[in-house]
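Take a look at these structures.
Two complexes are shown next, each including subunit A; its partner changes from subunit B in the first to subunit C in the second.
Our next item is the complex of A and B:
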């Protein structure tokens, strides 16, 4: 009898030295990137997978897709929450296994909503609002570089984001309209959450991680105006949701 | 070679002080008349009264005064011819004339001396705008190169050149302005602006450089000096998804603002197949003190000695090395480090594939040395002698080298020890073909020795092309904008 052994590479266990890369926390990282990074960190903590966070000035350029955060696990590099969820699923860790098909479709729809509304609004406020761009975004984005490279990179990024906003139809919106969109998104999330602890049953899913990442960052990031944070604060169940997740999964984290 | 005409409108002999000159003396005679003719010509005192330049359009006259002033000091006819020839060469080297002809004539006019001469340079200026179009194929890509040149733009031998290269893999372009000092052509200033992309498969790295530079060249005695400031915006990226993480960590943007100084002494008689002479070049670069992110001190040198031996064979010994010292505690960048290996340094090893590496990607090193001993001989039985066969040589070679990183906490003794251990070396023989004056093609049989784990070699037979070294040997792998003078 010949016995053959096939190893499923993807089922290799999660190593101890997995790392997550994001831009420099104190001086460089912007609202949208911080939110995405926090969402991934929350997701990995919910899965019980240890990961060490490294801050690098060139994290955005290190990432294979150009978006942060990305994780370095074994010798594989995966970026953004969606692919990371797929990656951990292949390794046998998943938060949404207990959901049926309808719930899974609903979860995907809400994640799309957060990405299309909240993330886009964050990008808009950072780069299309002149006062925020001038006072916060451009100085922070270009802080690791020296003159004149810092100016070139900051304006290049701003031009790129504005072009993308125009392409998806947000170029013509005013700041007030964007705040309205954020409010509507928060209302939809608040209604779905209701009085539950998490969005689906008693267990957190990737949707919880994503919503937590964005809302917590909005609440704790200082911008030129507090309007955005105020809009989120008006939904008390979302506030307590954020606090709950912070206490459950990040109690050792100093804010 | 041009022609020098000695012309006179008067029938010989000339009148005046110098009598006893017979016409027969100036006619072509067989050899026995040569010596007496030479003596007569040399003894005949002349005074150069006027030197004219005809055919000038946009060239400013004050520029040319320096080149031709020497002709006035000629004392006799042979001297006039020699100095006029030298002046012609000097005018041609400015690069602003297509052709220069020299006319020596007796002087005329009211102030004409009886032994006075007029020397006239008849010049043809080059066109205002010249263009060139080439296609290049190589390294799995093809590209089209368009060049535009404006020689003698403002009348004092300035030159503006624009070169644009569009290829399947990359696009590069550059603008260059060259200005010599009037009267001292070897002292010149060059301003460059360029964008160059390069792909380095041995490191799985691609690099885009956008930069400006200002370069001052001047001779000092037998040495040639170059002072250069360069500001480059470098963008590094992974060439493939499978690049190692060490290379991925280097991705991103950085700004280098560096001052460099090069001194070189070159007494070789050829750049590709020198048969005698020596070359010594020392280069240093200091980055970080004029702005920018990169901060380091880099030194490298090249030494080459050539000596002709018996039977037309040439022994050539070369040594080069360098060191990179990062300043301010930050690690060195992959774009600044040295690389070693390949047909121009240590044959038998893959291109730039010696030294520190990570998952198959070569990261370069902060210190290196390499040496080579070559014996060039003409082809056996000398086929095609005097013609095509002269472009070929056989060569026997011995190459050695080492590349490593240094931890600057240790002393120089530890550094020397580190460079001396794990030496890679190779020996072999092959045939070399000279391509023009800029490159050589080699077919070698090579045996690599001293291979360390991680180095990459290729099979024993190798056909390779090597360009004349312009930058320092080890770090040539990085992007550099080299102007090919047409």
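Our next item is the complex of A and C:
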């Protein structure tokens, strides 16, 4: 009985008023959240599903899992790229149907590589590097709130992220080692992409959306040092990959 | 050429049981790499930390080379690579990239479920894991070590997969097990019918996969849906058994004397291994050296070898600092 109810909900077509929520773009959003949000937006555009982007200061608290971004479709709320991909698949829209089993295994493995290395490195640089945390992350994260709430929330978030870094073994790493990990990850992505337009065949998949979201954000976000962007820029095929996706799917936004 | 660099490296890890050279996932990864690089000349002595105070002071696995100590399998891999003992030497750039991606997949999707199966699941923990680790720790550490490892495992699972409102382990259990089963399926598709993931010899991806899969395959867990799922994937269980037979067969010889009673599956593979071993002994004199190390011979024992290796004798004659 539960299955039947689920299929009925999933069979509803994608509504026109689907919305995506993220923190405030100019003042509040941080590098890692911006990357995740851009990845979801790219994925939905690749599927041809319209979605409106709303910026809310409390987006993180509205999200069912506490992670950004989340989408509000019909009467359902789904957050993070993985569950959103499954949700759209249940509605009949999928980018990876044409892949065989081995290719799908590769795609998932590379997505985990991006999450494991790029996202973790972004979080590390934002919250565990003291200069970035003091000058950029804490002020931005707590900008919508007044004293003393802003101080409390900022330090609480920093403590949470540092605890997670320690648990996965990144607590003892230096900034230089983190940059080195980013370089290795980019090198792996660059070698996998080669001279192709997208990672698999001629069609983009969720892996392309995820990689685009992270790399584009890294390239266009100003941090205390340009080292991170420089590391990504040294791989020319990744640069042209980002430019191509931006021109193909975001051309109404490009200058 | 290698003897200058191979200045008595020592690997500290948990000991073995259930037919494995070590029951600890991360130690297994490094042990397979060590077994492989043994044939390219790396001299790494394995010292299990069972029944020593190192169970509480040292994070295993740990590779000690002279003054430097390296921890974590990935760091140890990089260290060995810098010392020119590289298992990934023959991989193409694309295969190297695939290796990184699959290792990330294993760490993100499979490891939480493995940690849960061994350390958080109440039945497995109280019947298998805690007694084993408690029996291998000296008194009074046997009261502390398993609990410490278990709480470390639980916090790692919650911090990496448990989202903010779901701080209870019961709510993430379903997700981590379904992720792990999917990961096992993906690995199975990727491996196909081959013996190793790339070509005919093991690489670092094989080491990581073996490290994660072998304890799940061999441990006698009272309750594990994940283990039954793995047992349905024949190519993955065959992969583990193949590596055990080829690279750890001589270890079985030594441990079979120490164990209370040999397990029947190990007995069968050992007869086949005897033949393989004879062939290897004729080919590689290193193998005799490896058996000597594994037997942990006493200091007075003189190795019987046609040509004494200068590194080994110098290592034995030097007094520990």
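Throughout what follows, the second predicted complex is superposed on the first by the 246 of 255 C-alpha atoms of A that agree within 3 Å, B and C clash if a C-alpha of one lies under 4 Å from a C-alpha of the other, contacts with A are read in each partner's own complex, and residues count from 1 in each chain.
Quick note on the criterion: contacts are C-beta pairs under 8 Å (C-beta built on N, C-alpha and C of every residue); 3 or more make two chains touch, one makes a residue touch a chain.
Being a predicted model, the structure only gives us computed values, none of them experimental.
Colleague: Putting subunit B and subunit C onto subunit A via the overlay, clash or fit?
Modeller: fit
Colleague: Could you work out the angle between subunit B and subunit C as seen from subunit A, using CA centres and rounding to the nearest 10 degrees?
Modeller: 100
Colleague: Of the two partner chains, subunit B (first) and subunit C (second), which one does A:77 touch, if any: first, second, both, or neither?
Modeller: In the superposed model, A:77 contacts subunit B only, not subunit C.
Colleague: Determine, under the contact definition given at the top, whether A:221 touches first (subunit B), second (subunit C), both, or neither.
Modeller: In the superposition, A:221 touches no partner, neither subunit B nor subunit C.
Colleague: Tell me which partner A:62 touches in the superposition: subunit B (first), subunit C (second), both or neither.
Modeller: In the superposition, A:62 touches subunit B alone.
Colleague: Per the contact definition in the header, classify A:108: touching subunit B only (first), subunit C only (second), both, or neither.
Modeller: Only subunit C is touched by A:108; subunit B is not.
Colleague: Counting residues of subunit A touched by each partner, does subunit B or subunit C come out ahead?
Modeller: After superposing on chain A, more of subunit A is contacted by C.
Colleague: Just to be sure I read the superposition right, which of the two partners does A:146 touch: subunit B = first, subunit C = second, or both, or neither?
Modeller: Only subunit B is touched by A:146; subunit C is not.
Colleague: Tell me, in angstrom, the smallest C-alpha to C-alpha distance between subunit B and subunit C in the overlaid model?
Modeller: Closest C-alpha pair between subunit B and subunit C: 10 Å.
Colleague: Pick out the shared contact residues on subunit A: the ones touching subunit B in one complex and subunit C in the other.
Modeller: 64
Colleague: Sort out for me which residues of subunit C touch subunit A in the complex.
Modeller: Touch residues, subunit C against subunit A: 72, 93-94, 96-98, 100-102, 104-105, 107-109, 155-156, 159-160, 163-166, 182, 186-187, 189-190, 192.
Colleague: Quick one: which bits of subunit B touch subunit A in the complex? Just the residue numbers, please.
Modeller: 233, 236-238, 241, 245, 248-249, 251-255, 291-293, 359
Colleague: Okay, in this complex, where on subunit A does subunit B touch?
Modeller: Against subunit B, subunit A makes touches at 56-58, 60-62, 64, 72, 75, 77, 145-149, 152-153.
Colleague: Considering only the defined contacts, which subunit A positions touch subunit C in the complex?
Modeller: Touching subunit C from subunit A are residues 64-67, 101-102, 104-106, 108-110, 112-113, 115-117, 163-164, 167-169, 184-185, 187-189, 191-192, 194.
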